[in-house]
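The structures considered in this document are given below.
Shared chain: subunit A. Partners: subunit B in the first complex, subunit C in the second.
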Partner chain A sequence: MTPVLSISGLRARLRGPDPSAFVIDGLSLQVNRGEVVALVGESGSGKTMTAYSVLRLLPPAIQLTEGEIRLGGQDVVAMETRRLRDVRGTLASIIFQEPMTSLNPLMTIERQIAEMLLTHGKATRQTAPERVIELLELVRMPDPQTRAKQYPHSLSGGLRQRAMIAMALACEPQILIADEPTTALDVTIQQQVMKLLLDLRDQLGMAILLITHDLGVVAEVADRVAVMYAGRIVEEGPVVELLEAPRHPYTAGLLACLPEGVGDTGRLIEIPGLPPKPGSIPEGCRFAPRCPSATELCTRVTPETRTEGVQAFACHHPRMPA
Partner chain B sequence: MSRNAQDLIRFVLRRLIQSLPILLGIATINFLFVNLAPGDAADVLAGEAGAASPEFMAALRERYGLDQPFYVQFLVYMGKLLTFDLGYSFRFSRPVTELLLGTLGPTLLLMSTAILFACSMGVFLGVLAARCVNRWPDYLISVGALIAYATPVFWLGLMMIVLFSVKLGWLPSSGMQTIGAGYTGWRKIGDVALHLIMPATVLGMYLTAFQVRLIRASMLEIGEQDFVTTARSKGLSEQTIAYRHVLRNAILPMVTMVGLQVGAILGGSVLIETVFAWPGLGRLAYNAVFQRDLNLLLGLLFLCSIMVVVTNILTEVAYRLIDPRIPLK
Partner chain C sequence: MTEPLLSIRGLRKTYATDKGLLTAVDGVDLTLARGETYALAGESGCGKSTLGKIVAALIAPDEGSVRFDGQELVGLSPARLRPLRRRVQMIFQDPFSSLNPRATVRRIIEEPLIVHGMRGRTERRRAVAEMMDRVGLRADAADRYPHEFSGGQRQRIGIARALILKPDLVVCDEPVSALDVSVRAQILNLLSDLQKELGLAYLFISHDLSVVQYMADKVAIMHLGQLVETAPRAAFWDAPRHPYSQALIRARPNPDPRRRLQDKPILEGELPSPIGKRQGCDFRSRCPLAFDRCTAEAPRLHTLGPAHRAACHLVEGAAAPSDA
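Presenting the complex of A and B:
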């Protein structure tokens, strides 16, 4: 069966004088029907840009240079604008980190959701209001009749994110790309929104590409995890195996940073150093400068991705399997 | 009636009441300043008569109340103002109110056409420049706006008369209607419109340049906001995004600017109406100043302050209608 989303060899760079300023550097990833895949990494690892590139929403400063992105078998990179617009919202939809700013402040919730339906001919002016209420009920918006007529400023962050989800799902896409959908919400609301996304996945059968840096959320909701570092995927595998026995030292480092991992010393653990900036990516393995098990080999040769069991990783000195 | 409409009416009424003390304050300042200038109506009348005896001067002053102490003149003026009596123009031998009402129409027509022209051109060119940012249409529009901004309006007016009236003969050079033609109905409207083109364009030129640059900057700023990416992710065309999502948000500073610039436009109309012999308030003001027609001048200033106050209320209403986040407080 063709995957819903298949990215292979994707590279994107910052426009400018430096031709090596890659923010995404040879990324490959697949998402199958109905699957929840988490793309995890620190800030600046390129995970959000990966999410944006799927619908070709990259900001003008970033340019896709190589690779292929297939949505339901169609190549998004080569697609002409007209066709791309048809695909946006129908094959894949995206929701963003900041529900406070991602809705137009001057339009009612109803109009913004209806706009999605009308653009893709999924409703007429007469049927749209009714369908909007259905969608708001689907995302469990309290008092949908009233909320539909309101402007975004009258809604809390959690409710706005629900409205965003309702809009994203209006044309029943096969995959929902969720770019840190709960980061800006407070903790109790985070739980509700994540649960809602999972329920909707079960109900509608769509896949979810979840961009996050929160491994706690990943453990709860994802089927599969891809760990991203400096524009590349360094480890990938089913959620249980990957979180219990990470092979890549970076994944292990991220897990050790969780507050739950605090040992007897009572001190929080961190990965020393910062991720490299685009344009100043080191030779060899890009994690080597921060890696506890790095050797001279790591600073010279870029590790190939290899698969052992259910996990794939790119490391010369992987940690022991479980 | 909906709650919104009720709120709106209550808001406008409240603002009108609040503006009464402002208007009285302005009237006071006007009166003081105008009386600071040397000379009075009697001097001018006597001067024009060629010669006048001191007795005649005294009689004139007594007749017009100019012999009274300053504070008495002031109280009399304010008292009349409260009953909407703006006094009598000695130069035109007609009540000031009548003169003002006769010229208010042409000026309002000229100003509203100029503002409408400036806003529509501002939006059209500003959006175009923002959508072609750093490409040749943007450069062309931005440089054009800069030139329009820097050109003195009276010079532009004269040059347009030279080109379009004298050389090409396309447009009438002055006035509001063809004298003696006696048109009625649609022909009259067409005739006025033809006379309106040049003065309105020149009057609106400065504001247009302002609006173009404002809309361009504002479009570019709003264009980077998250909800624009949302709109793009919905599969909307760039055209729809620009006009439906970005422009509505970008237009708010323009509304503010129009409110602030109405005073300047009113000032500009003095110049434009004189250049194009447009029978409006501006030309009346010009005459009033040079003929020491103090009553008329005070009336004009008072009317202008009312116009500015009213425009500011309208600006606030427009703001509220565009942006639901702004409460009518």
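Presenting the complex of A and C:
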């Protein structure tokens, strides 16, 4: 079966004098129908730029230089703008961390969702209002009739996030890309929103690419996980194996430095230093300067991604399998 | 018993909004000992920062008392407050907006010394250099500006500024919420080390229960301006008594891939508005255990053991006399 989303060898760089300032540097990833794949990594690792690439929404400062992206088998990189507009919303849609960046403050919720339906020919002027209410009910918006008539600023953070999901789902996309959809929300609301996304996945069979830096959320909802570091995926695998027996030292480090990783009196494990910036990626393994297992080989030779069992990882000295 | 470092009684703070009177802090009592970490947790908007700012004497309450080391802070004249202010400092969530962008790192850290009229220039420089070293900032950072630093480094600058006056109490308002996990561990370790070395007490505000569990000797859970439970560490984690604390602990995302969201009970329902008068228990619209009395009557905080209190009608029968 063709994956819903397939990215291979993706590279994107900052425009400007430095030809080596890659923000995405050889990234490959597949998402299958109905699957929840989590893309995790620290700030600046390139998660959002990866999401933007998929819908060709990269900011002007960043240029896609290499690689292939297919949505439902169709080549996104070569696609003309008209076709692209169709694809956005119908094949794939994206929800952003801060709902106000994609909700128009001057339009009621109803009107925004209706416009989405109308542009993609998913409803007529007559049928749109009813469909909007259906969508708001689908995302379990309390009192949808009233909420539909309101402007985004009069909704709480959690309700705005729901309105945004309703809009993203308006055209029944095959894949929903959710970029930190709950980071700004309280745990209790966060869980309501995530549960909603999972229910919608079950109901509509849509796939979800969930971008997050929260391994707690990943453990709760993901089927598969890809860990990103400085523009590259360093480890990928099913959620249970990856979190219980990470092979890459960075994945292991991310888990170990969580407060859950220590006993009652222990100290937290630290990953020393900071991730490198685009343009100053070190030779060899990009994690080597912070890695407890690094050897001389690591500072010279870039590790290839290899697969053992269900996990794939890019490391010269992987940790022991489970 | 020696006098506690901090003792808060009947604290209230309201804000006038265009929709009516908003009660941000609603009758809070809390006692904090020297060298202790008291965590304050709860959902966004429940009043944590407001309470923290009142303790740091950055804003005044409408009612109530804040005694610091035996002295009442509320209603004190600025001149009398000043020597006490030195002893209570604050660290903020957002290291990006809480540092003056036009001042060098040295100047930022030195500022409190100048404000409090401390020492000559060379002495101040030495104090700044020592503090920078202590929080893990390199000496060559002194002449640079905040925007040249990462989030974690900026938080180190904020910590150095807060500690330069050698306070007894530091209000930490979400000090690691804006940081990545790898950097968060660095800062939490630093805060624990400094606490041990300098004998600091922390009022540690965080909405992240994992961080609370790691840092806190005692935990207070806040809900719409009120404390619904306070407890020593062990009692809180092993035997939380308020349904809201229980729900928060159960719901906590935790990196165990065998505890899936679809199998977890989650809180449904909406929070009441903090604006205007409320009746009954504020948690009842989301409480799985709510019954008639919860609609009619607001529960009081019942004492359940040493420093353990919960505000729920269901614990009333179990409540112990306060000397328990």
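Here is the rule we use: the second predicted complex is superposed on the first by the 316 of 322 C-alpha atoms of A that agree within 3 Å, B and C clash if a C-alpha of one lies under 4 Å from a C-alpha of the other, contacts with A are read in each partner's own complex, and residues count from 1 in each chain.
One rule holds for everything that comes next: a contact is a pair of C-beta atoms (placed from the backbone, for glycine too) under 8 Å apart; a residue touches a chain by one contact, two chains touch by 3 or more.
Source: prediction; values computed, not measured.
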Query = In the superposed model on subunit A, is it clash or fit for subunit B and subunit C?
reply = fit
Task = With both structures superposed on the shared chain, find the angle between the C-alpha centres of subunit B and subunit C as seen from the C-alpha centre of subunit A, to the nearest 10 degrees.
result = 80
Task = Using the superposition on chain A described above, determine whether A:T90 touches subunit B (first), subunit C (second), both, or neither.
result = first
Message = Going by the contact rule set out at the top, does A:L103 touch subunit B (first), subunit C (second), both, or neither?
response = first
Message = A:M167 in the overlay: touching subunit B, subunit C, both, or neither? Say first, second, both or neither.
response = first
Inquiry  = Quick check for you: in the superposed arrangement, does A:L243 touch first (subunit B), second (subunit C), both or neither?
reply    = second
Query = Which partner does A:H153 contact after superposing on A: first (subunit B), second (subunit C), both, neither?
reply = first
Request  = Answer with first, second, both or neither: which of subunit B and subunit C does A:C257 touch in the superposed model?
outcome  = second
Task = In the overlay, work out which of subunit B or subunit C sits against more residues of subunit A.
result = C
Query = Between subunit B (first) and subunit C (second), which does A:E115 come into contact with in this model arrangement: first, second, both, or neither?
reply = first
Touching partner for A:P142 - first (subunit B), second (subunit C), both, neither = second
Request  = Enter the shortest inter-chain Cα distance between subunit B and subunit C once the structures share a common frame, rounded to whole Å.
outcome  = 10
Ask   = For subunit A, which residues lie in the overlap of the subunit B contacts and the subunit C contacts?
value = none
Ask   = Can you list the residues on subunit C that touch subunit A in the complex?
value = 43-44, 150-152, 180-186, 188-189, 192, 207, 209-211, 213-214, 247-248, 251-262, 264, 266-268, 270, 286
Ask   = Which of the residues in subunit B end up touching subunit A in this complex?
value = 225-227, 229-237, 245, 248-249, 322-325
Task = Please name which positions on subunit A make contact with subunit B in the complex.
result = 52, 55, 57, 84-90, 93-94, 96, 98, 101-107, 115-116, 119-120, 151, 153, 164, 167
Message = Quick check on the complex: what are the subunit A residues that touch subunit C?
response = 42-43, 142, 157, 185-188, 190-192, 194-195, 198, 213-221, 239-240, 242-244, 253-255, 257-260, 262, 267-272, 274
